Structures are given as C-alpha cells and as structure tokens.
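So, here's a batch of structures to check.
Two complexes follow with subunit A in common, the first pairing it with subunit B and the second with subunit C.
The block that comes next holds the complex of A and B.
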C-alpha cells in the first residue's frame, strides 16, 4: 500500500498545499459548471423544484466512497490512515441546523458562496462577508460556548462501527439509499418543477 | 452527442448495484498497510523526517504548543535531577508496556530524548514499526545543555546565521534557566525577561488536518 501518499511521506507539507490548491481549483470549477454559483438554483432545492444539489452531492459521495473502497481492496490505499473529521454530536447538529437556515435564507452554502464570489456575484461577496463576520463573533464569544464544543464527542465515528457492519455492506446500503433518493428527487421535480 | 446518450441510466444504475453488491461481499475498507519495512524506515532516516533539533523543541516549549508530548526515556532518578519542562518520564524499559503506549496518542507531536541520541533513536525505530509517529530530539539532553542552557558566543568571524542562532539560543537559555538560575535549580517555574526568541515554524502533523 502506498496511499495516502502524504501519510507515507511521499511528499512534504508544502507539496501537499500545492496539491490541495489544485484540487480546490478543480472542485470550484466543477461546482460552477454544475450550476452551483446561482443562489436561485440552489434555493430551488428547498422548494423541491430543482433537486440538482442533492443529485450532484450524493453522486459525489457514492463515487468517492466506491472508489476509495476499491482502492483499499486493491491494496493501494490504507483507509485507517485517512483523516476523519471527529464526530462531536451536539455542536455539529446545532451547526448543521444554523448552516441549513443560512442556506435557505442566503441561497448559498459556504463553498458555493466562494464559487459565486469567484465569478463576481455580488450576493456571493455579501455571503462571504457575513460568514467571516460570524466567525469573528464566534471567536469573540467562544468561552461562552466552550462546554458545548465538546459535548457528545465520539471521536472518529463511522457508520460501519456504529452499525457493526463491514464497510462494504454499509457502502452497498448507502448506494441503495442514493438510488432511492435519486428516484424520489426526480418524482418531486416532475411534480413541482418549472417545466411539467 | 450528449453524455446522457453515452451513459444510459439503466446501465449506470445496474453498474452501481453490481459494484455495491461486490463491495458488500468483500473485506473492502478493512485492509491495512503492513508494518513499515526496513527500507521505508531507512528512507525516513535519510529524509530527516525522523528528528527535530533542540532549537525547534525549545521554541515549541516556549510557544506552549498544546499538542507537544516530550518523552524523557531516561531512568526516573535522572529524570528527577533534571528534565525538559513539561516532559513525561517513560524509561525505555517501560516504553512498550500497554499503559505507556496508551499515553502516546497520535493527537500529540511526540518528541523523544535520552542523554545522547542512541536510546531515543532506537525507541523511534521500534515505535515507528508499531505505527506510532514520533521525533527524536537531535543530540539528546547533552546537546540541549550545551546549546540551549549554556550557549557559547560565536567568534568574531562568525557568519550571520551563526550569530542569529546564538541570539536565539541566548533568548531560549534565558527562558529555560529562569533568568540566571543554574541548571540544577531548573524545577522552578520558568520566568524570564530575556528577549523572546523568534520561533521557527512548527511541523505540520496529523491532528491539524480538516477544515
């Protein structure tokens, strides 16, 4: 096994930053091409009229998941060396709810607001400015939230540990879930979409 | 031609189901890299990713890096006499006991030191094979005492870099000696009016990943 390359010291920190930059540019470009720089299109998601966001994001998830698992099966990638964002249940639920409300109101999520700013959308600039202001305020009142930030800490929690199933089985269930949701999404688009 | 015409939907769904079903039957995601080979380890040694300098360690201590775990591998008697501020004592003979290994979480930047460099380097190799990443403090405590606690001024013909290094060491020495207190009395809380040394950048490590 030779991946993740950084963990096996195939390149250093600085090279890692360059690679991250290139991946970030490709990611932003792809989001823009998928139409994610338009707050109108993104907001239509919440009126069940255009489910592109759900379809693109869930496609990305199952493609990446399947690819990672097959790379592991081929002894290329050691999954145990991949960085997982630790699960801290309560603050993440609260943060998710706040981000969701912000998404409905502002029409962007943090990533797509940067995509919109990159192509010069004024509402994107306002969104990014608001996000930075929010970060500043959070930083200033952080001691007040300090206990909350560690409540429900579960470490590197994964679905397969939680359900006590092999990762491959979980992956299959997630694929079934994605296909089911794609079907429901298209039904909803037919029912509520602009063009009948 | 549209992409949708090349990739038929039913084909895509069928392919996903087959790939997913194969995954469900396979041990995918559970396979782990084998232990590092001697060759991997020798690459890390020649690539110098195995050690940090005493100057770097002193800067991390002064900067109160929260994830720093300094491990003193010497006997507890030697540890009582003098040890780096904040260092924990795990003598080499007890390093591989489970309760010692439990302390070496990968959330920490682990720095090993002994009197010279030999014991720390040997412990580094053994830990590396167990998948625990650590750094050896170059030169060990002997170099630390010479360079950080009692730095010698460079000669008149010294290069700028040597003078800068001396200035750094002088500042650090003020910090660690508690302003003129000799090495033996080091256990007092370190206080200093010495100029704060300029800190070299910290090495990136695992715990800092993520957005």
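The block that comes next holds the complex of A and C.
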C-alpha cells in the first residue's frame, strides 16, 4: 500500500505544486477536447439537443470511482487517506440550485469558463469576471448568513452510508444508472439533436 | 493545409480520459480536482493588496488570506494555472484559438455578454455557498460517492432544466 503517494510522503509540498500544474494541464486539455470551451455546446444540454456534458461527466465519474474501488481492493491505495468532500446538505443544495440558474444563464461553470477564456472566447472573459465578482459579493455578505453555511452538516457521509449498502454495490448501481442515462442521452440526441 | 478546427473528441473518450486524470489525481495527491476555490483565492489576493485589514476582519476572507497567509500559496491555484495552459494548448493544436462569442442565433453579442457576466456572478456566488463547483463537487465528490456532492449535482441539474425555458432565446 503506497497510494495516495503524497499522503505517504513520497514527495514534498513543492513537488506537489509542480504536479498540480501538470494535472491541471491534462484537465484543461481534456475539457477543451470535450468541447467544453463552447458555452452554447454546454448550454444545449439543458434543451436536450447536445448531451455531451452528461456523457463526459458520468463516464469520468464511473472511471475514477471504479478505479478507486479496485485500487483499494488490491491494497494499492488507502481509501481512508483520500479527501472526501464533507456533506453540508443545506448550503450544498441551495448553492446547487443557484448554480443551475447561473449555468444556464452564463453558459459555463467556473472550470469551463477558464478553458473558454484560454482559447479567446469573449463570453468566457465576461463570465470569469462575473464569477470573481460573485465570489467577492459572497465573501462580503457571508457574515450575515454564516449559520446557514454549516446547517445540515453530516461530516464524511457517503451514498453508501445513506443507502446502507456496501460501496461496491453503490458503485454498481451508479454504473447502471450511468448506462441508462447514456442510452436516454443517445435517444434524445437522435430526436432533438443539433450539432453545436 | 487544412485550417478548419479539428473535431472534438467523442464524449465517451473525453469522459474516459477525464476519469483517468481524476483517478491519477487521487492516486498521486489523495485529493480531487477543482476550479472555483482557486478563483476565490485570486479574489482574496486582489482585495488583500488594496486593504489587508478588510481581509483580516471578514471571517470568510480571513480563512484564505488572514494575517500572513498568502491566498495563492495553494495546490488548487497551481492546478488552475495548468487548466488555463492545457486549454490553450488544446485550442492551439486543434486550431480553435480565436476571439469570438458563443451564442444562439436569436440574441445580440451585447446581450450574450451581459448574460455571461450575470450568470457568472450567480454561479460564483452559488459555488462558494455549495463549497465547490462542477469540478470540486460533482466530479470529485461524485467519484468518491460523497453524499452532499450527489445531492448538489442532482439539484444543480434540476435547477438548470427548470430555468432553461426562460432563457431559451439566448441559446436556441
């Protein structure tokens, strides 16, 4: 068992920053290749005409999820040392609801807006400017609703805790759901599809 | 020489590669990907240059840049610099580098830019409340089966679909 490498001190903080940059390059490159540098392509998701977002996201999730489970099972990776997003249910759901609105109005999410800006999309620049402004506003008003930001805190809860099923079973269900969604996505594109 | 932009990858190929990048991040670093956190840190850095006392007096800003803390000394900041370079590299190789505005046929460029700014602000605000964005929550938390990340993902897409009708002139 030697992964995650950083947590087992195979390299230090500064090497980690170099790795961060390289991982970022791979991440940004892939997002651009997926077509996520186009706001219209991203937004057509919400009109059932181009389901690329759903296909890319769920493929990525099931690949990484399955990889983690196998590496854990093979005793290569210590799952308890992998960062798990803490669950703080109410701000996450409210934030998600707000972001859905921002997504369909703005046409990007934060990561994709950076990639769009990198290749010269002017709506990308405006979106990034808006996002920075929105974050500044959030920080300014944060003291007024600080209590909300910790409400529904459930620590390191996972889907398998919630469903009371083993992680492998949950992963299997997630894969089934993803395959079902891919099938529906293909049907929708056949019917409403448009090349953006 | 063909100057047409190259086609995008198949969504399943792009998703597979993205999944491997995410898995590699977990294996090497023990953490996932992100984007909005680095943008937040840039905001704190900028405000800190103008009025450091304001950063120290606000509990949210102080977490990132209070006292001697440098908000840019962080893993995510370097990752996001890479994202920009990676996007640029892909666009360059695919002949997609060009100043243009993406929009549907029924809206003016000005209208689209105003909505991009507005939507960005809404998203930026929401992403801080939700403790992360599509990268940090949906993708990273999705792959680790984090409960709140899945709740976040479902609500975000439901909300997008619910609102889509009202801004359809922007896109279709």
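Just so we're on the same page, the second predicted complex is superposed on the first by the 194 of 196 C-alpha atoms of A that agree within 3 Å, B and C clash if a C-alpha of one lies under 4 Å from a C-alpha of the other, contacts with A are read in each partner's own complex, and residues count from 1 in each chain.
Just so we're on the same page, a contact is a pair of C-beta atoms (placed from the backbone, for glycine too) under 8 Å apart; a residue touches a chain by one contact, two chains touch by 3 or more.
It should be emphasised that the depicted structure is a prediction, and the values quoted were computed from it without experimental measurement.
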Which partner reaches more residues of subunit A (counting touched residues only), subunit B or subunit C: C
Touching partner for A:160 - first (subunit B), second (subunit C), both, neither: both
Subunit B versus subunit C as contact partner of A:180, first or second or both or neither: neither
Which of subunit B and subunit C A:171 touches, first, second, both or neither: both
Subunit B versus subunit C as contact partner of A:129, first or second or both or neither: second
Touched partner set for A:62, first subunit B, second subunit C, both or neither: both
Touching partner for A:85 - first (subunit B), second (subunit C), both, neither: both
Touching partner for A:31 - first (subunit B), second (subunit C), both, neither: second
On subunit A, the residue positions that both subunit B and subunit C contact, one per complex: 16, 62, 68, 81, 83, 85, 160, 167, 171
Complex contact set, residues of subunit C against subunit A: 8-9, 11-12, 14-33, 35-36, 39-40, 42-44, 47, 58-61, 75-76, 78-91, 94, 96-104, 109, 112-164, 167-168, 170-172
Subunit A-facing residues of subunit B, complex: 13, 16-17, 19-21, 23-34, 40, 43-44, 47, 49, 203-204, 206, 209-211
Residue ranges of subunit A touching subunit C (in the complex, touch as defined): 3-7, 16-35, 37-41, 43-47, 49, 51-52, 55-65, 67-68, 71, 77, 81-89, 91-124, 126-140, 142-143, 146, 149, 154, 156-162, 167, 170-171, 174, 182
Interface residues, subunit A side, partner subunit B - complex: 1, 8-9, 13, 16, 62, 66, 68-70, 72-73, 75, 78-81, 83, 85, 160, 166-169, 171-172, 175-176, 179
